[in-house]
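Pasting the structures here.
Next, two complexes with subunit A in common: one pairs it with subunit B, the other with subunit C.
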Partner chain A sequence: MLELRLVQGSLLKKVMEALKDLVNDANFDCSATGFSLQAMDSSHVALVALLLRSEGFEHYRCDRNLSMGMNLGNMSKMLKCAGNDDIITIKADDGSDTVTFMFESPTQDKIADFEMKLMDIDSEHLGIPEAEYHAIVRMPSAEFARICKDLSSIGDTVVISVTKEGVKFSTRGDIGTANIVCRQNTTVDKPEEATIIEMNEPVSLTFALRYMNSFTKATPLSNTVTISLSSELPVVVEYKIAEMGYVRFYLAPKIEEDEDETK
Partner chain B sequence: MGIKGLTKLLADNAPKAMKEQKFESYFGRKIAIDASMSIYQFLIVVGRSGTEMLTNEAGEVTSHLQGMFSRTIRLLEAGIKPVYVFDGKPPQLKSQELAKRYSKRADATEDLAQAMETGNKEDIEKFSKRTVKVTKQHNEDCKRLLKLMGVPVIEAPSEAEAQCAALCKSGKVYAVASEDMDSLTFGAPRFLRHLMDPSSRKVPVMEFEVAKILEELNLSTDQFIDLCILSGCDYCDSIRGIGGQTALKLIRQHGSIENILENINKERYQIPDNWPYEEARQLFKVPEVYADDNQLEIKWTAPDDEGLIAFLVNENGFNSDRVTKAIEKIKAAKNKSSQGRLESFFKPVASPTVPIKRKVCFH
Partner chain C sequence: MSSRPSAFDALMSGARAAAAKKKAQPSSSPKKRKSPDSKPSQNPDSATVLETEAKGQENGDAAGNAVACKEVAALPAAKKVCVSASAQERTAQLKSKIAQLKRKAGDFDPKLIDCLKEGEKVPFLFLCLAFDLIANETGRIVITDIVCNTLRTVMHTTPDDLAAVVYLSANRIAPAHEGLELGIGDASIIKALAEACGGTEKQVKNKYQVLGDLGLVAKASRSSQTMMRKPDPLTVTKVFDTFCLIAKESGKDSLEKKKNHIKALLVAATDCEPQYLIRLLQAKLRIGLAEQTLLAALGQAAVYSEKHSNPPPKVQSPLEEAVKIVKQVYSVLPVYDKIIPALLSDGVWNLPKTCNFTPGVPVGPMLAKPTKGVSEIVQRFQDTEYTCEYKYDGERAQIHYLEDGSVEIYSRNAERNTGKFPDVVAVVSRLKKSSVNSFVLDCELVAYDREKQKILPFQILSTRARKNVVMSDIKVDVCIYGFDMLYLNGRPLLQEELKVRRECLYESFEEEAGFFLFATAITSNDIEEIQKFLDASVDASCEGLIIKTLNKDATYEPSKRSLNWLKLKKDYLDSIGDSLDLVPIAAFHGRGKRTGVYGAFLLACYDNNNEEFQSICKIGTGFSEAMLEERSASLRSKVIPKPKSYYRYAETISPDVWFEPTEVWEVKAADLTISPVHRAATGIIDPDKGISLRFPRLVRVREDKTPEQASSSEQVADMYTAQSHNHSNNQDDNEDD
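Now for the complex of A and B:
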């Protein structure tokens, strides 16, 4: 038996919008800790990890650890039918092959039940080790989204370099090159507008912009984004969800191989 | 060719061991490809109408070059790193099978002549496909082409499938691509079918994992090899009246060919005289392959522009513009193969949860 009641239903709608283009099918895991998901895109380059902690739900009942395989496109279709102020409840019975999304209007005068078929999804769960990152950049999420969008009109890849000067995003394409440098800036009116750079070691990595742009679909979830970089690891792009948890995107870097030397 | 009926046997008895994958999902992967099998397919399919095939000015067939060139570029553009493995000397045991194929081709040649007389177009096409043989020249042409493209080529000491499987076992490549199911019998841990199919056919790649096959069939490696021999392989006859399904039942019941031979009704099943099943088994278990790193140089290099134009355009009548564009594609593709995969950083772990939906068992 599973019953999760989320007063801030729009949050779930935003989460789906952030994930559905990256991942088609995924298993949602439910435990006493919370409602979570880990899934890779079909080419195994990017991974998304979602956590909505149980404390963030108004009512959270999950008798045993369960996973539910869902098609995210279909789930998003159903959640789009919920109003932005609606309270959303996720329900499933043991052994059932369906999940129910219940939408209640704030005034309780309209209640909608959407039942969706579950799927058997054979997915690999990857172990993500806790790591010390060489550099961590926190910046306004809208700013990061803008940079990714702008750069992708010039090139396909972005080089993200963190030095003492700040964080530099650069690209190169057929028509020319682009470099955007963001410096540390903490003298702002609102804390979410700050750009904070913690650097232990300078780092420079190359990524496919296509994926970065897909990650920025999560921008409505949070005013700030945290980008963690290490030279031997995939980048982590994290959007914190207030009082609930996070959406974290991991992206494998592009690597120039030395065996590809020219004749 | 390969193991008789193995695909169906696995689909029926080990469905979880095979899964459909998108062609694109293999980017960044090194894949060993059975070259002779691919060349054979190209000769059958590429640019054929009736008995007419693509040729150069001298009238020599170029279908294999066209096929090898365009399919390899398709692989490279998807970020896949192909290694082509060519057949060496066939094992002695295969001579019977090869003789059979030879006589089939001879029959087809006669049939073709007849069909040409009557002018039946369908028959002409059908029989002319059956007369196709991959010659030494075809192989040499393709090797030359691949080297010019910067794609590594390995000449196996004997069977190409066996060498492919060895490369995969030692982790030098991620998977083996062939249409010949005996790659699995040779123990290729991961085997792909339809990777080399034309994109127009829109067939997903079928991936087989040997470990899962053994688990699902509940057999050991040796028992699986015995199952393949009983089902019918290239190296020896099978027992009349025993197909894949019966073979599986017998192996499960008795455990090995020796025990089966002791226990089955010899009146009902005729065991071939001097049945060389032990030699066939040995061929599958310890095939003749190179294992030394020095003999297996696997390196992808930049394409040789001038060499490709000289070979394809000047010698074989390819369109110069198309070849130039294709070379650009090869160069652009190099960039793509640099994308890393998450599995190189994070390792799989067991999922902490169980599915809410109860798995239904039909057994």
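Now for the complex of A and C:
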């Protein structure tokens, strides 16, 4: 028996919007401690990890650990039917092959039940080790989304380099090049507008912008984004979900290419 | 893609090893919906727990076990060492054994390929390596041996995978009549390749031009994108199932979904797998493995691994007999899904009993051999009784009428055409006699003008809509010309003589002019009578005659071009007498065998009045390899960046390169037709359509002519009007208008 009641239903909607373009099908794992998901995209280049801790739910009941395979596109279709202020409850019975989403309007005058078929998904759970990152950048999430969007109109890849100066995002395409530097800036009115750079070692890595842009779909979840970089390790782009958990995207870097385009 | 770095495997596996150890102590195992041994941890918390544990493990020796880790994670750590074998080792193992497949079938034992375990899913790599062996052989016997041994190995280890292996080897995903196609264009594959290896489409396209085969491009692509984790090695079933998924994707975003499926396969492919994966996706396997060879190998393999029954005692050579059986059964029931389970469960000798002609499953139509003249026919069929039928110029169709009253129409290639001919469905249901409750009819569907009571040319028929036709929208009526009956009231007639089958046909239907007629036929062995009949057929807008034996050797041989049916076409007698002299104005890059030279050329005739070159046809046949090379080389120096202002062509043609008009080629063709694409003689015959050539072939290069002396538009128009069937139809139409 599983029953999770989330007062801020819109949060779940936003989470789905953040994930559904990257991953088609995934297993949602429920345990006593929380509701989580881990999945890779079809090319195994990016990995997403979601955690919603049990404390964040108004009511959280999970008798046995449960793994539910869902098609994220279909799930998103159903969640789109929930109003932004609705309270969403996720329900499933042990051994059943469906999951039910219940949407209650805040005034309790409308209750909707949506039942979705589950699917068998062959996926594995990777243990993700905590690494010491060479550099950690925290910046406003909207700013990061803007940068990725702008750069992708010029090139396919982004080089993210962190130096003492700040963090530099650069790209190169057929029409020219672009460089955007963000400096450390803590003298702001609101803490979420700050750009904070912690650097142990300078680092410079190349990533496919396509993936970065799909990560920024999570922007509505959080005002700030944390980017952790280490040479030859996947970058971590983390959006914290207030009082509940996080969405973390891991992206494998690209190898510096030989200039074979010029041939 | 050959070496795909995944720098994190070591790191990640350290964590997984830790997870394995942790799970080794039996704790309250989480509830699982799926196979119990698959996951090291489903506890969402484990990631956080691991994070601390993993630190000590990161540099560990677990790296080598990276791949095996997943499978063994649930087992105690001690067992892990013996089970683990890295992907590279496995590849090497398979490679070292694969040459065994080349042994003569008699000397081969499936146990020689001992790195495949019984019950283990057949790795896709095994099949690809076998493909590689086949591709390097040219002898059919050697190829048959390799395929036979491959199939035997599969039968020995994992018989459940046999169907998938056979389907992939035949480069199919389903029987033809199910109409299931992968539906992937080169563009999608290029996109998927680019995304899978982190390059740009442009890079892939450039490589494609150099290598001429996307399969080789895939093999040569080195990834610039690292991965989170190398996916599990591909299995034959995984590949085949994904292909089926791809074929079934439809509707919104289906291209995107197909691309993602392809990407998922590509990133998991190693060694020579990408090459064959792409070729299979393109439906261009091209390793010289014909389906008949595959069937022969299947028959032989069945004999070697026969467990169920011994060959009937009187059989001299069981191998040959089995091959015959499999081929025969496949010709009447071309459905591997039925044949292979039957083969595995009841054995090859019972196959004709377990698999038989089934209404609803089309068989390949029986075909006719071409002949040059009436005298040849009389000679060949000296002592046998034979019949001559009109050869109608329409679409061959096999109409299946099932007992429940449903009707399906299948094309020459076993494609389901029912949606194209709702009128035909109605007609056969109406005109069959009431005593008939099921039948399979072989017939020709011909465009027909019911007002003027005459047959229209094939080109008119081809203007009909292809899908979901509504009765009220039909502009081109068709008449069914029935000539053979394969099944009637629950009884297969394939083994009956034509005489009997034709009786059945005549007894089963009512004729109605313009809707359903029996093919006009005479039974004669007089040369002059046949010659007259031939002329009459041409006058009646038919292509010529089909001559069939009636009594002797007169069974229906599905998809065989047998000598029992001969065709006599007017094309063969007097293909358009004169050749044309045409100018190559553009070309397309060659693919496959023709990499590096041009694969096809766009030809044009010269319009003296407007002083322009008008495209008339594409040509790719009639070239010897040397000739093609020579022509490509000489024209390469004449390439111009864009077409001349005095070239007339349809935008849709979009060739790869344009030429200065310099050469004149003599070309022969079977026929001239009206074409919406080409521009020759536009305005002379048809106000907006041009004329094109059917089956053009190069005869020689005319060194003595300049481009301006090429065949003129008027000449082309004259030749078109000179063709007799156009005479009788279009000319009249024009006069009527």
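Observations, loosely collected:
The rule we apply is simple: the second predicted complex is superposed on the first by the 255 of 263 C-alpha atoms of A that agree within 3 Å, B and C clash if a C-alpha of one lies under 4 Å from a C-alpha of the other, contacts with A are read in each partner's own complex, and residues count from 1 in each chain.
Here, a contact is a pair of C-beta atoms (placed from the backbone, for glycine too) under 8 Å apart; a residue touches a chain by one contact, two chains touch by 3 or more.
All values derive from a computational prediction rather than experimental measurement.
Bringing the complexes onto one copy of subunit A puts subunit B in a clash with subunit C. When the two complexes are overlaid on their common chain A, residue A:Gly34 makes contact with subunit C while staying clear of subunit B. Residue contacts after overlaying the shared chain place A:Leu2 against subunit B, while subunit C stays out of touching range. Of the two partner chains, subunit B is the only one touched by A:Ala92; subunit C is not. In the superposition on chain A, A:Gly176 contacts neither subunit B nor subunit C. The intersection of subunit A residues touching subunit B with those touching subunit C, taken from the two complexes, comprises 27, 29-31, 40, 42-47, 64-69, 94, 118, 120, 122, 124-129, 208, 232-234, 250, 252-255, 257, 260-261. Of all residues in subunit A, only 2, 27, 29-31, 40, 42-47, 64-69, 92, 94-97, 118, 120, 122-129, 208, 232-234, 250, 252-257, 259-263 touch subunit B in the complex they form. Note for the complex: subunit A touches subunit C at residues 24, 27, 29-31, 33-36, 38, 40, 42-47, 49, 51, 64-69, 94, 118, 120, 122, 124-131, 156, 208, 210, 232-234, 250, 252-255, 257, 260-261. Put simply, subunit C touches subunit A in their complex at residues 5-8, 11-12, 14-16, 18-19, 30-34, 38-47, 50-52, 54-55, 57-58, 70, 195-196, 198, 200, 202-203, 223-231, 257, 260-261, 263-264, 267-268. Residues 19, 22, 24-25, 27, 150, 299-302, 304, 334, 337-359 of subunit B are the ones touching subunit A in the complex.
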